[in-house]
Amino acid sequence: MADIYASVGSTVAIPKAALDKLVAKLNQMGYSVLGPQIQDGVIVYKSLKGAHDLPKGYISQQDSARYRLVYTGHPRYFDVTPGAQSWKQFFFPPQTELAEFTRDEKGRWQTAEQVTDLTPLALFGVFPCDLAAIQIQDRIFLREEWKDPIYWSRRQSAFILAVNCLHPCGTGFCASMGTGPKTNQGFDLNLTELDDVFLVELGSEAGRLVMEGMPILPTSAFWLQAGQKSLEDASTRMGRSLPRPQDLPELLLNNLDARQWDDVARRCMSCSSCTQVCPTCFCWDTRDSADLAGQNARRERLWDSCFNPDYSYIVGGNSRPNARSRYRQWLTHKFGSWYAQFGTSGCVGCGRCITWCPAKIDVTMELKAIREEVQA
Amino acid sequence: MIQTIGNPHAISPSAPMQPYWAEISDIVREAPNVSTYWLKFLDPGLQEGFHFKAGQFNMISVPGLGEVAISISSDMEDTRRIGHTIRSVGNVTSAINRMEVGDILGVRGPFGSWWSLDHWIGRDIVIAAGGIGLPPMRPLLYYISHHRKDFGKVIVLYGARTPNDLQFTREYKTWQDEDIELQVTVDRGDDTWQGRVGVVPILFYNTRIDPRNTVILTCGPEIMIRFVIFEALARRVPPERIYVSLERNMKCGLGSCGHCQVGPFFVCKDGPVFSFDKLQPYVNVEEL
Amino acid sequence: MTAQKELIRALEAIPWFQMMAPEHFNKILGIAKIFKFDAGQIIFHEGDKEDYLYVVLEGRVAIEMSVPGHGRIRILTAEPMEEVGWSSVTPVVRQRTAGARAVLPSRLVAFDAAELRKLCDEDHDFGYFVMRRLVNVVAGRLLTGRLQLLDMFANPVEQKED
C-alpha cells in the first residue's frame, strides 16, 4: 500500500477492520479507552478493550419514556445512539473528593495533598450532540478566573474520537440546535461510517499521531459523496424539532407566569431523571464528613439537581417548594438563562431527557405549548 | 454589572474550592445567637494581601460539617483582621457558635458584587436594613464615617424583632456623631423600650428624601426588601438608584454549583448586591 | 403665647393641615385643644369611650393592648405628626380598641371626636379631606400589622420542627 501522509485537516479512509487497530493504538499510547457497550439492555460508557465490544449490528428505538436496543444484524458499529449515560461522568464525576483535611499535632486543620490520576482518557465514539455538550461544559468548569482541577486534569489530556451521527435517535433534535448530526469542531478524529470503510477526519496533531501506521486508503470522491449523502439523509430523519431556539430566552424569561407551567407541574414528579441524563447539567453539592475522633475530615462533591427539594433551601424555608417552580427553573435555565450566563444554549438536542422522563414530558412539546399560549 | 472575582486573595485559580486557614482572634457577642468572629489568616502574607469591598462575602468552612457564605462586616480600610457576623441557624453556624478564640476556620473569598460607593459621591444615602441585614452594611458605615464629606445626607433605617436583636448598638452613637441619622424600630417592644415599635418600611414616612439625588441601599428579609423598594419607588427614587443585597443557598461562591440562581443571575457572582432595575422583572415572580 | 396662638402654630406645623382650605382650617381649629403628657402617662385606656382624635406634636406615644396572661403588649408607636385614635372618626366603632400611653414626655393636639364627625357630616368637602387622610393612616397601620404578623425576623431555628 502506498505511503499516504495524512495531515491535520485532511480526510482519509480506513477499512472497517482497522477500527480494532485504532483501539489498540490508543491503548498502546497509554490512553484509558472508554466506549459505548451494551450492559443490562442499554448502552453504557466503559472501558473498551477492542472493536468487538462495540454494539455492532444494533439500533436503538427511542421515544418518550421508551428505550429499546434491537439487534438487526447490520454491519455498522455506531448506529446505536446514546443511552442514559453521557460523557460528563468522566470529566465531572458524579461523586468525587474535593479536599481532605487532617489535624496536625497542635490540633490545627491542614489540607492533605491530593493524588490525581493522570491517566489520559480516550473517548471512543462521541456523537456530535455529546461533543457539543462537552464544549458547553468546558465553559462552565474552565473559566478565565479559575479552573476546576478535576475537570481540567482529565479534559486537557483527553482524546476525542467523534462519530458523525447517521442514524438519528428518534427523540433528538440536534439539527434544530445546530449541534448535529454532523460533528462540529473540537475532535481529534471524526469518523463517518460507510458500508466498507470509515472516513476519518483528522482534527488535531494527537489525531494524526494515532493515525500513524494505520492502513490508510486514499479518499475517493464516491466515498465522500456517500458520506455527505448519509449526513443529509440523517438531518431529515430527526425525531423532534425545536424552531428558533435563539428566541427562547426572551420567550421564557418574559413568561414566568404562563399557565403551561401549572400544566407540566401536574405531570412532573420532580424525579430529577432529566438532569441526570442531560450531558450539560452541571449543578453540584458538597458533602462534609469526619471520622468519629474528629481528626480527619473530607469534603466531597456530588451531582445535584434543581429538582431536589433541598436544592433551593434558604434559611427559613425553600424558595422553590413545588414541581411547578422547579420545572420552570430547569427549562428556563436550560433554554433561556444559559445564554446570558455562558453564551450558548444549554441544550444540545440529544433527546435523552425525552427518552428517559418517566412522565413522558417532552421539552420540545412544552416549549411549543408555551409559544402557542403566548402567541394566542 | 457582572463582577468577576476582583481580588482573588483567598481563592486559588487552580483549586478554587480550597480553603485557607484562619484563626479566630476575637469573638464579640452582638445579640442572642449572633456573634462577630474576627479572623486572621495563619499565613501573614495572605492576611496582608487580603482586601475586600463592602457587600462582599467569604465562604467559611468547618471541616467535617460544611461551608457557609458569610458577609464581611468589618472595615474595608483596616484589614488587619476580618470580621464576620454570624447568626446561629444550622449545623455549621451552630458549630462556629461553640468555638473559642484560637480555633481554626477555613476561609475562601472575597466573593460577589459590592456597594459601589465611588459612584455615589455627593449623593444622599438611605440605608434600610432589617435584623441580620445590618452586618453586611457595616463596612459601608465605617467607610462613610471616615469619608463623611464625600456624601450628602446619610440616613440609616434599621429594625429588628425585639430590642435584644438590634445589632451593633454600641456603635450607634459613633455613627450619629459622624452626622449619620439613625432611625431604629422593633417589631415588638417591651416596657423598657423607649424607642419606636413598628416596621422598617414605615420609617420612610418620617424621612424627607430628594429623589433626584438619593441612593437607597437595602438588606434584610426579602419581604422587608420588597416593601422598602415599594416605599422608595413611591417616593420616585428611580430603580437604578435602589440597590438590594440578596441571599440564597450558596455552596461554592463561584457561580459553579448552580444553587444560588435567581432568574438568570448567580447571586454569588452577579450579586449579592444588585441594582433594582436588573431585578425588576423577577422580583414579583413567586417561587423563582 | 396665648393658647389660641399655640394651637394655630401647632396645626400649621402638621403637613396635611398645610394643604387644608382656610375655611376648613378654621373649622377644625375650633374643636382643637393641646394636651401635655409625662413619660409613662396614660392617654386613654382600651375600652374607653372615643372622645378625641389625636395628632402627636412632640414626643412618642405607644399603642398597647392587654392580653390576658401576657400583660400589656406595645403594638406600635406614633411619632410626631402621626395620628392616634383614628377609629374615633369612623362611624361604626364606639370604643377604643387599644390603649395609648406616652413613652416620652409628649405634646398632642386633640380634636373632639363627636364634633369632628358632625363637621364631616355637615360639610362633605371637609369630610372627604379628613377621611382621605385617615384612610392613608389606616392603610399604613394595616401594612405594619401584616408585616409584624409575618414575623419576618424570626430565627428559623426556633421554627424548625426536626
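A, B and C label the chains in the order they appear, each numbered from 1.
In the analysis below, contacts are C-beta pairs under 8 Å (C-beta built on N, C-alpha and C of every residue); 3 or more make two chains touch, one makes a residue touch a chain.
Owing to the predicted nature of the structure, the values given are computational and were not obtained by experimental measurement.
The most distant chain from chain B is A, comparing centres defined as mean Cα coordinates. Of all chains shown, the one whose average CA position lies nearest the global CA mean is B. Centroids built from CA atoms put chain C at 36 Å from chain B. Centre-to-centre, using mean CA coordinates, chain A is 40 Å away from chain B. Separating the centre of chain A from that of chain C, both taken as means of CA atoms, is a distance of 67 Å.
The residues of chain B that reach two or more other chains are 89-90, listed in rising order.
Chain A has residues 315 in contact with two or more other chains.
For chain C, residues touching at least two other chains, in rising order: 154, 156. Within the complex formed with chain B, the residues of chain C that make contact are 60, 62, 72-77, 79-82, 103-104, 140, 143-144, 147-148, 150-157. Residues 33, 87-90, 130-131, 159-161, 165, 185, 187-191, 193-199, 201-202, 205-206, 221, 223-224, 227 of chain B touch chain C in their complex. Of all the residues in chain B, the ones that touch chain A in their complex are 4-5, 8, 11-19, 21, 42, 61-67, 89-90, 104, 106, 247-249, 251-252, 254-259, 261, 263-264, 266, 281-282, 285-288. Those residues of chain A that touch chain B in the shared complex are 98-99, 101, 108-111, 140-141, 144-149, 152, 253-254, 256-257, 282-286, 288-290, 294, 297, 299, 301, 304, 306, 311-315, 319-322, 324-325, 329, 332-333, 336-337, 340-341.
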